[in-house]
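Before anything else, here is the set of structures, which you'll find just below.
Each of the next two complexes has subunit A plus one other chain: subunit B in the first, subunit C in the second.
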Partner chain A sequence: MALIVSLRNALPGLEKACIQRQIHVTPVAAKVVAGRYRVTTKRDRPLTYEMANPPHYIAHRKGWNSWNTSNMTDGNRPAETLLEDVFIRRFVTGTWHSLFVSEVIIKRQHNIIRIAGIIRRGIATRKMYFLIGYTEELLSYWLQCPIKLELQTVDDRKDVIFKYI
Partner chain B sequence: MSIITRLGVKNTREIARISSLTSSFATQSEPPSPVAPDEFRVLKLRPDPVQERQKREIRRTEVPPPRSTQMKFDQDWGSVWPAARSFHPATVPLPVRQGYPLKNAAPPNKYGNAELMKIPNFLHLTPPVVTKQCEALKKFCTPWPAGLETDEKCEKHFPVEVLTSDYCYSSPTIREPLARVVTIRLKLSTLNLDQHARDKLLRLVGDRYNPEDDLLTITSDRCPTRKQNFEYIEYLLTALYHESWRTEPWEAEKSEADMEYYDWDKSKSRDGLITLYCWPEPPIDNDYETIPHATEYKIAVSDLINNGEDEYSLNKYKEAVKNMLFLEGQEKK
Partner chain C sequence: MLTLNGRLGSRKVAQKLLARLQSTRDAANTQSIEIPKRIERGPTDILRALASTVGKDPTAAHFKYHDDPYFIPTSNRAKRTYALSREAGRRAAMWIRQEHAELFTQMTADPIIKDFLPRAVYDENSKVTEKTLHDAIRDAQLSDAVTIYRLLKKDGVSLRTKQDLLELLCYYNDEEPTSDQFPEERWFRRSLQNIKPKWKSNDIVDELFESLKNEDSAIATAAYNALICGTAKYLQVDKAWYLYDECLAKGFPVYVRSFNNMLRLVQFSKDAGGQRLTFMMDVLKTMSRNNVRPDIGTLNAALQLSTLLKCPEPGRSVALSIYKEMTNAGVEPSLGTYFYLLTIFCRTNGPVSEILIDILDRLEGKELEIKDPQDLFFFVKAMDIARNHLMNIDVGHRVHKLLLTGKNYNLIGENYMESIYYRHYLILAVQSESIDSFIKLYDTLVPNIYIPEPDVMNEILLAVEIAGASMAENLLPQLWSHMVMFEHTQREHLMVHVLQIMHTTCQPPSDSVANTQYADIAWDIWNRIEGQRPGYTMAVKWNAEMLGNVTVLLIRGGYFDKMLTVLSYLTEKQGVYTGILSKDQLDTILNACLENGHATAALSIISYAANNGIAGAGQMGYKLITTLSLDSAEETKLVNLVGKEVLQLHLG
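Let's look at the complex of A and B:
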């Protein structure tokens, strides 16, 4: 009984507090950070050419990583192409684990998909040849079209570093 | 000290017997003691210095020098680079560079340059290769048909032009819905039409006819395949032609208000002129050829009404009227 009475006394105050409570708003941090790297104090963050140029330099200082006609006006199957590209990128990065030192470049011509990139010579040559065949075979089975892997090898990760920030 | 050691060894032997049962579960087995079985183990209060483990030798595979260094200057490039392929620095013997350079630096060179791999190249389509491929394709070509040497002759023998589009896409599908659209173009002057038929055809086709270049364009995309669209257009053209030649009974009801242009031969102006010429007798026939300057007057009136009033046509009309009524001659007298 006493509880109800105390509640009855407390309720108007609570109601008042609810009405008066306002949403706390902070200013929007509209800062563009995608594809940009912060400068380190020691200036020892290695950047490749691709990383050194932020996205607004695409078509000015650097090219696209996917080449196809799907995104042109009235191009067909843009969504499927995008999803396939994402899948190819994931599969290739996982299969060539820590070997790719550049982005995976996907170029499409008719029904052929050509995957290019730079890898480092971290594994034996025979293993590399196996992985090339494995990637081509599995991807062409899944995507139902011929796949070609066109790789360039570098000795070390440092060979593709453009600058340090 | 030695007693403790001895006791310890005894105890550990006992324990070792028991622990051998659980050794299969142990993650790390004890290293065998270097002491002979009848000797006492020596307690080492200070452990031996850990021998430095030999670092695993990283075996580097021998990479031969780039192929481009061994290329002869008169090699057959077409067999080095036979098909479309991404750029490879060891195969291309050119000192190319690409990339936006840093300050006071040259652009990145071709080794380890992803930008060069991104852009499409035409290294497989050098002029000698193109010539070679054309030579190889020549045996599949047929000679150009005789009698169709010029465009005029082609237009004369094949007046109908069929336009379709084929699409190449960078995707596994070969289907393209826009490939079904068929367009035909022909000059209206190539059709055998009289004035009535032409007039009717123009009314039927509407804005598909371009009076500037006299081209009639018909497009069809209503059928699902190209062949069906083409056949439909053929049907349309045939139907148009025959329909425009047919004269329906209601076409006789066409009055002057329905005319799309001013026809002086059917106008009141002509009746008026003939009546005036024969005055006071009623006109005998509709022949205006005998009236002097009538043709000039006819052209002037038609131009004035068909092309609209401007200074030139008004002056022409004035002159024609003056000539016909001999006003000029009277002025002279």
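Let's look at the complex of A and C:
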């Protein structure tokens, strides 16, 4: 009997606790981490200018990596454009193995795709010309439009380092 | 607003306005507005209009090269390698597309662009129709067309398609045409290596011809003409003549292009000039009997034959009569015609003819078009004649101006001819113009449009040498950096020439800054020759004159330490180079050693002079012993070299 009484006394508390537990009350962890780089203890992580500026600086301090009008109202082929860009980036970084020291910038104008970037002078010029011809031709077979490469060279990987964090 | 009111209010303005209104009304009454007729525009006209606003930029490399310092070629070899490498890359991509054709199936383009897709492969099991054959013929896919034809044969092919296939095979002679997708390979091919074409007998050609020649006359005519053209083009002389005679005997009309091809054959069937002439006249008379009007091909073929005749007579008179007759018949001469006229009239051992000036008078300011394959030889020939025959720079400038008019630059032909053209032009200019105006021309053409060959560079150096020391001071450093860039540093005669100019012919005054610059160049030459790969067959070899010049130049520039390096080579490796230094050079070196108090170097010079029997070793020894204080070992060495008596004689 005493147990029942004590239970009756305890129940409202229990009930209350149950209701309270249903609400999550830990502090909100809405930390934005995309496109940002963590500071290392030795402060020796090299960043290019593009990497040093977080995404909210796009159109303020830096530009886009893909230039097209697919995502505007009534834009053409948004999904295809995205996938093609991923394909182009993978193809280019693979073909120009460890030569690209910047992001691969893809600009679309009408039916032309221009691929720009900064490369390291790692191999002989004639070999680079071979790769230019190969990349342009093969990508234009794949995407069925004229492709142009717009490359600039730097002597060393360190030439594009903006800062160390 | 106030001012506006004020203005309107003023009487003058009102009058003006009224006058203007009246004039507009009068104009409207008297003339009706004429709306111009619509001009039909092609799809690329706007692009052409835009392109016409952009001129040639001599300060930039050709647009086929990437615009980046690393990618811009600096020598003829690099230009060739880079452009061809890029096309090799494109070829590799094409090969991959063809090898893995099953992967390239996506069709993003709408409408589908056939050039992006892999080429269809035909074998015995392919399903083909006459349309496929027709398409293959249209795209000039020779081997495919033959395969498809073999497949279709049992079902029967229409006469029209058979004729088309015959024409295709006759035109390309059983060889796949080189694709127009590789412009660089065509641009950089060596035209002198052209192999004489040879007719390849093909059973399909015979089969097609046999089946067509017995059809009605229109079809037989076309078949005969196609085969005549093919066999004549590929120099199957006997067969071509046989077909030609047969065609005439059967009374089928012979087309003008068949006649032209026959004319080009005349030189191969007869050897002597007179026989050729009568033979050619026969063909031309047959043409006129059959009422065939000559065209530009006829004119050029006939002129080509007259280049083989004796010059000046009868070559000149035959050429003139042909030219006159044909132009009277309404044939418009092309550049190729002028090329042949120049060949006939301007022989190296013949009398001088100014026909080129008349041609230029006629052509100047005109935009020319290619009408005959020989047209591409005109500009090279014209510049050659301006240089070697007329030796007149004004004519050279006029030819160049004509080349730059409109789109005439397309008529330069290929890379090989372009460089010959500029070689003639620059050598002509450097030989006949003042150095200032030549350098202006040089700066516009070099290095982006043309890179001079070593021979041209030698001519330029000669002109600089003649222009004198002060001009050489300005130009030589620039020319040297160009020579390094153009990979001329492995040419011995150029190295010798540069050293000679700096050392002897254009010696700068002793207070000039040029001494340091020249010393830098000399040191560069030394390092380049020393740094050559051992065993390299084309390696530049030292001789005493060059070494002496380098040494003296280093002394004049104040590089004593560097000079010592060269000096030790001079004295220690005497068997390696040829010749000996002159007395003057030895004196200069000795004086420099004495000024810098370097007794060892001075001793080595004296020993060099004594060993090579150069007079005055004793005098040099005396000079050394009086200027510097020597230790006992050095003194003994000196005495051993020149003898005690000589020194004491001088001392006494």
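One rule holds for everything that comes next: the second predicted complex is superposed on the first by the 136 of 165 C-alpha atoms of A that agree within 3 Å, B and C clash if a C-alpha of one lies under 4 Å from a C-alpha of the other, contacts with A are read in each partner's own complex, and residues count from 1 in each chain.
Convention: contacts are C-beta pairs under 8 Å (C-beta built on N, C-alpha and C of every residue); 3 or more make two chains touch, one makes a residue touch a chain.
A quick note: this is a predicted structure, and the numbers were derived from the prediction, not measured.
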Open item on the list: So in the superposed three-chain picture, is A:R121 touching just subunit B, just subunit C, both, or none of them (first/second/both/neither)?
Closed with: both
Open item on the list: Per the contact definition in the header, classify A:Y37: touching subunit B only (first), subunit C only (second), both, or neither.
Closed with: neither
TODO: Considering only touches as defined above, state whether A:Y164 meets subunit B (first), subunit C (second), both or neither.
DONE: neither
Open item on the list: Under the stated touch criterion, which partner chain does A:Y129 make contact with: subunit B (first), subunit C (second), both, or neither?
Closed with: second
- [ ] Examine A:Q109 and indicate which partner it touches, taking first as subunit B and second as subunit C; both and neither are also allowed.
- [x] first
Open item on the list: Just to be sure I read the superposition right, which of the two partners does A:F87 touch: subunit B = first, subunit C = second, or both, or neither?
Closed with: neither
Open item on the list: Applying the document's definition of touching, compare subunit B and subunit C: which contacts more of subunit A?
Closed with: B
Open item on the list: Touch test for A:W64: subunit B only (first), subunit C only (second), both, or neither?
Closed with: first
Open item on the list: Going by the contact rule set out at the top, does A:Q152 touch subunit B (first), subunit C (second), both, or neither?
Closed with: both
- [ ] Classify the contacts of A:Y49 with the two partner chains as first (subunit B alone), second (subunit C alone), both, or neither.
- [x] first
- [ ] Find the residues of subunit A that appear in the contact set with subunit B and again in the contact set with subunit C.
- [x] 80, 121, 125, 143-145, 152-153
Task: Partner subunit A, residues of subunit B touching it in the complex - done: 60-61, 63, 84-86, 88-90, 99-100, 102, 108, 111-115, 117-120, 168-174, 176, 178
- [ ] Would you pull the subunit A residues touching subunit B in the complex into a rising list?
- [x] 48-50, 53, 57, 61-65, 67-70, 74-77, 80-81, 101-103, 105, 107-111, 114, 116-118, 121, 124-125, 143-145, 150, 152-155, 159-160, 162-163
Task: Residues of subunit C touching subunit A in the complex - done: 66, 68-71, 78, 81-83, 85-94, 96-97, 104, 106-109, 113, 116-117
Open item on the list: Which stretch or stretches of subunit A touch subunit C in the complex?
Closed with: 80, 121, 125-138, 140-145, 149, 151-153
